[in-house]
Amino acid sequence: MLEFKTVKIEVPQDCNVILGTAHFIKTVEDLYEALVNAVPNVKFGIGFCESSGPCLVRHEGNDERLRQLAAEKAFELSCGHSFIVFMKNAYPINVLDKIKHVPETCVIYAATANPLQVVVAETEQGRGVVGVIDGSKSKGIENEEDILARKEFLRKIGYKLA
Amino acid sequence: MLEFKTVKIEVPQDCNVILGTAHFIKTVEDLYEALVNAVPNVKFGIGFCESSGPCLVRHEGNDERLRQLAAEKAFELSCGHSFIVFMKNAYPINVLDKIKHVPETCVIYAATANPLQVVVAETEQGRGVVGVIDGSKSKGIENEEDILARKEFLRKIGYKLA
Amino acid sequence: MLEFKTVKIEVPQDCNVILGTAHFIKTVEDLYEALVNAVPNVKFGIGFCESSGPCLVRHEGNDERLRQLAAEKAFELSCGHSFIVFMKNAYPINVLDKIKHVPETCVIYAATANPLQVVVAETEQGRGVVGVIDGSKSKGIENEEDILARKEFLRKIGYKLA
Amino acid sequence: MLEFKTVKIEVPQDCNVILGTAHFIKTVEDLYEALVNAVPNVKFGIGFCESSGPCLVRHEGNDERLRQLAAEKAFELSCGHSFIVFMKNAYPINVLDKIKHVPETCVIYAATANPLQVVVAETEQGRGVVGVIDGSKSKGIENEEDILARKEFLRKIGYKLA
Amino acid sequence: MLEFKTVKIEVPQDCNVILGTAHFIKTVEDLYEALVNAVPNVKFGIGFCESSGPCLVRHEGNDERLRQLAAEKAFELSCGHSFIVFMKNAYPINVLDKIKHVPETCVIYAATANPLQVVVAETEQGRGVVGVIDGSKSKGIENEEDILARKEFLRKIGYKLA
Amino acid sequence: MLEFKTVKIEVPQDCNVILGTAHFIKTVEDLYEALVNAVPNVKFGIGFCESSGPCLVRHEGNDERLRQLAAEKAFELSCGHSFIVFMKNAYPINVLDKIKHVPETCVIYAATANPLQVVVAETEQGRGVVGVIDGSKSKGIENEEDILARKEFLRKIGYKLA
C-alpha cells in the first residue's frame, strides 16, 4: 500500500508556519530555544511527531493558542519526525537560520503565510511528508514594470538599500 | 484532486542547475548577492515563483540568456516558492553554502549538470515540487578497480591531496 | 511513465541511518571526512549513487559491514545523487551539522534508528527520492504527565540542565 | 613604533554594541541587510573603517542617532577594517549568527551592553584592535545558591525550559 | 593604566582546552548543550566570566574535576565575557562547529592540548584577552620528507583517505 | 618576559592574504580542500605553524610561489597554531565561509590586499598573534557625496542591485 493525501493548513492571521523534519523528542525543546534566541517577543507553538515508542505528538511554545494549534496540526499530519511551528511577531527569515542549525533538523519543507497543502505519503507502516503546495500557481513572468515595483517595494520596506 | 507530473529540465552546455524552495520575493535579490559573492565571474539567471498576490515569476541574473531560461523554467514549474538557478563559470560546490545561508532558503532539491525531471504535485490550489529524477539509475556497485580510478581522478583534478 | 514505489530500510541494531542527496562522486570522500571529524571512533559506511557516466554506487567507510550495507542499499535505491550512511558509536545529532556543511550536500531526508520506507519516484529516465516514512504514525498528543516524563528523561540522560 | 592605547565606548541606554573586523566597503551594506533580516524593527547604526584608497569611515543604519554615533566611534577607533554596530530593539544573540555569516566578517571582538574599552595597537602605518575590556573583573566563583538563582532567572525570562 | 600580563594554563593529561569569548550568563548552559550534542560521552567543565552585576564566574559541566578547574582558571583570567572549556573523550575538531554556533559566542582564541599562555590586558576597569601563546615557536619549514610523513600519518590515523 | 613586535606582510600584486589560527597539522590539508571547493582556478599557498612535537611550518598549495611565500611568512611569524594563506584568482569573500567552517579554524584575524603588520606577543615559551594593523588609519567620515559614490560603485561592479 502506498497512498498520497493532502492535509490542509490554514495559517492564522498575522502568523507564519514552518514545516520540517527532525528526529528525537529533544527537538521540541531545541526548537523552543532556537526561536526565543532568534527574536525578542516572538510568540509560537511547536508540534513534533515522535515516531517510535509512545509515538506522541510532543509540543512546546510560549503561546497557548499556537501551541495547541501546532499540536493538533502535527497530529493531523502524523508524519514520523515531522515538526510544525506556528509563530507571530517574527518572520521566517528571522528564525530559519537558527532552526536549520538545531542539531536534529533535517529538512525545511515550507516557511510561509500562504495557505498550505501538505502532500503526505501513507503506507501500512506510517506516514511521511513528500512535499507542499505553498500558495497559488504562477500567473506570469514579471516584466520591466513589475521588476521596478518589486525593487522599490523591497527598498521602501527597508530590506534593501536604494 | 492530487496529480503528479514531471517537468523536464535540460541543462545548457557547460552549465549547472540548482533547484530549491525559499519564500518572499526578496529571494531573487538575495540569491543574486549570494552568487556574486561566491565566485568571481560567475554568470547566472534566477527564477522564483512568488505564490501570493500577483503570483509572478520573479527573476534576476547577470546573463540575459540564463535569466530568461530561468524565468521560463520557473514558470513551467509554477510551484509556489520554488526557485531555479542556471549558472556557468562555477560549480554547485562553489555556491551551495552561500545559497543555503540565504535567510529565505528552505530546501535544495538538486544541484546538477544532469538532465533533470522534476516531480510536481498539483491540486486545485497550486503546485509543489516533491522530488527530482537527477540523471540516470545506478548500474552497479564500484569494485576495487573503480575505487582506485575514482581516487586517482579526484586527486588528479586537484580536489584531494595524494 | 511516473511510478511510485517504496524501498524498505532496516537499520541494524545500535545503528542509525542518514539519507540525503548530494552531487559529484567526491561526496563519498567528503562525507567520510565529515564523519571522522565529527566523533572519535565513529564507525560507518557510505553509499552514493553517481548518476552520470558509469553510474556506479560509490562507497566509503571505516567499517566493512556497514560499508557493504550502505553500498547495497544505495544500489537498491538507485536514486540519482542520493546518499545513505549507516553508522554506530554516534548519533545523528553529532554528525548532521558537519554533513549539512559538506559542499555537495543538498537535502537530508532522514536521520533515524526507526524502520524506514523510502518513497521513490521512477520514470524512464531514472529514480528519485520523494520522501520517507520514518517509523510509525502518531498515536496521540502528549498530556501534562507525558510532558513531565519527557522533560525528566532529557534531563536525566544529560541533554538538558534541570 | 608600536604603542597600545585604549578607546572608551559608552553604550547608550537600552542599546548593545558589537565590535568586529571585516574587509571591503561592501561590509556596511551587508551588515545592514544582516541586521534587518535578523529582527523585525531592529534599529541600528554601523560604522566601518575603510583602510585603503580614501580611508573613509563608511556608515549605514536605520536610526540617525545610532548611525552618527557608530560613524564617530569608528573614526575614533580608526582601526583598519574594524566595524562597530550600535543597536536597540534586539540583543546580540538575535543577530550574531547573521553577522558571522556576512561574507566579509573576520572576527567579532565583543557583543555587549557593558562599558567597553578597546585596546588598540598603533604603528606608523595605522591602527588595529588587539582586544577589549568588556565590563568588570570577576569578583568570585558562583556557589550552589548562585547557580540556583541563575537557573531560575534563565527559566523565568523564558530562555530555558524548566 | 594599561598593563599586559600572561596567565598560564596547563592542560590536564588527555584533555584539551578551548578559550573564547561570549556574552550573557546563558552562555554556560548553551555551551553545555553544545558539547553534549557534539560527542557521546564527552566529559567537560566550563567557566564563564560574567562581567556585570554580581560579576561571578558561572560554571557548568558533567565532570566535577574539570568543572572546578574551569571555574578556577576562569577566575584567574577574570577577563569579562571570556569562557574556558576543559574537556576529554573528544577533540576540538569534534566540538568547535557547535561552539561557534552558540548564539552568544564571539571569538575562539585557542583550541589546544598544548601549554597555553593567555596574554591579558588590564586597566582600572577590568581585564580582557588579547591573544594566546599556544605551544612552542616554529623550528623550521617542513621538507619533502616531512610532508610525506605528515600525509602518511593523517591517512594512517584515518582522517584522510589514501 | 612578554614582548610585543610587529611582522610586516607585503601582499603580492593581485593577491590577498588571510591570517588566522587553527590547530592540528591536518589544518593545511583541510584549508587546501576548502579553497579548491570555493572557487574554480583559485591559486594559493598555505603555511601553518605546528606548535608541538617537531614544530614545523606545514605547507600546502597549488601555486609554488605562493606556497613558498606562505611557508616563509608563517615561519617568520612563528606563532603557534597560526596559519597564513596567500591567494589569487579569488577574493576573501569567496572563501571565508568555507575557511570558517574548517573544523580546526579558531579565528580569522585579517583578509586583505592591504599592507599588513601583525602584532605578535613573545614570551620564553613562544609567540602568538594579538592583532593586525590592516592598511591605513581612517582619514574622515564619508559625507553624502561619498555615500552616493560608494553605492554607485558597488552597483556598477555588480555586487548590489540598483
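Quick notes on this one:
When the chains are written out, they are named A, B, C, D, E and F in that same order, and each has its own residue count from 1.
Rule of thumb we're sticking to: contacts are C-beta pairs under 8 Å (C-beta built on N, C-alpha and C of every residue); 3 or more make two chains touch, one makes a residue touch a chain.
This is a predicted model, so every value here is computed, not measured.
Touching chain A and chain D at once are the following chains: B, C, E, F.
When you average the Cα atoms of each chain and compare centres, the chain farthest from chain C turns out to be D. The chain pair C-F and the chain pair D-E differ in C-beta contact count, and the higher one is D-E.
Residue numbering shows that chain A and chain C use the same positions for less than half of their mutual interface.
With centres taken as mean Cα positions, chain F sits 32 Å from chain B. Mean C-alpha position of chain B lies 22 Å from that of chain C.
Averaging Cα coordinates per chain places chain B and chain D 36 Å apart. Here the spacing of chain C and chain D, counted between their Cα centres, is 40 Å.
Residue positions 4, 29, 37, 91, 93-94, 97-98, 100-101, 103, 107, 130-131, 151, 159-161 of chain B are each in touch with at least two other chains.
Taken in their complex, chain F has these residues touching chain B: 29, 32-33, 36-40, 60, 62, 89-91, 93-94, 97-98, 101, 158-161.
The touching residues of chain E, when paired with chain A in their complex, are 37, 98, 101, 103. For chain D in complex with chain E, the touching residues are 4-6, 91-94, 96-97, 100, 107-115, 117, 119, 130-142, 146, 150-151, 153-154, 159-160.
Taken in their complex, chain C has these residues touching chain D: 151, 160-162.
The touching residues of chain D, when paired with chain F in their complex, are 2, 4, 21, 23-26, 29, 49-52, 54-59, 71-72, 74-75, 77-81, 100-101, 103-107, 121-123, 125-131.
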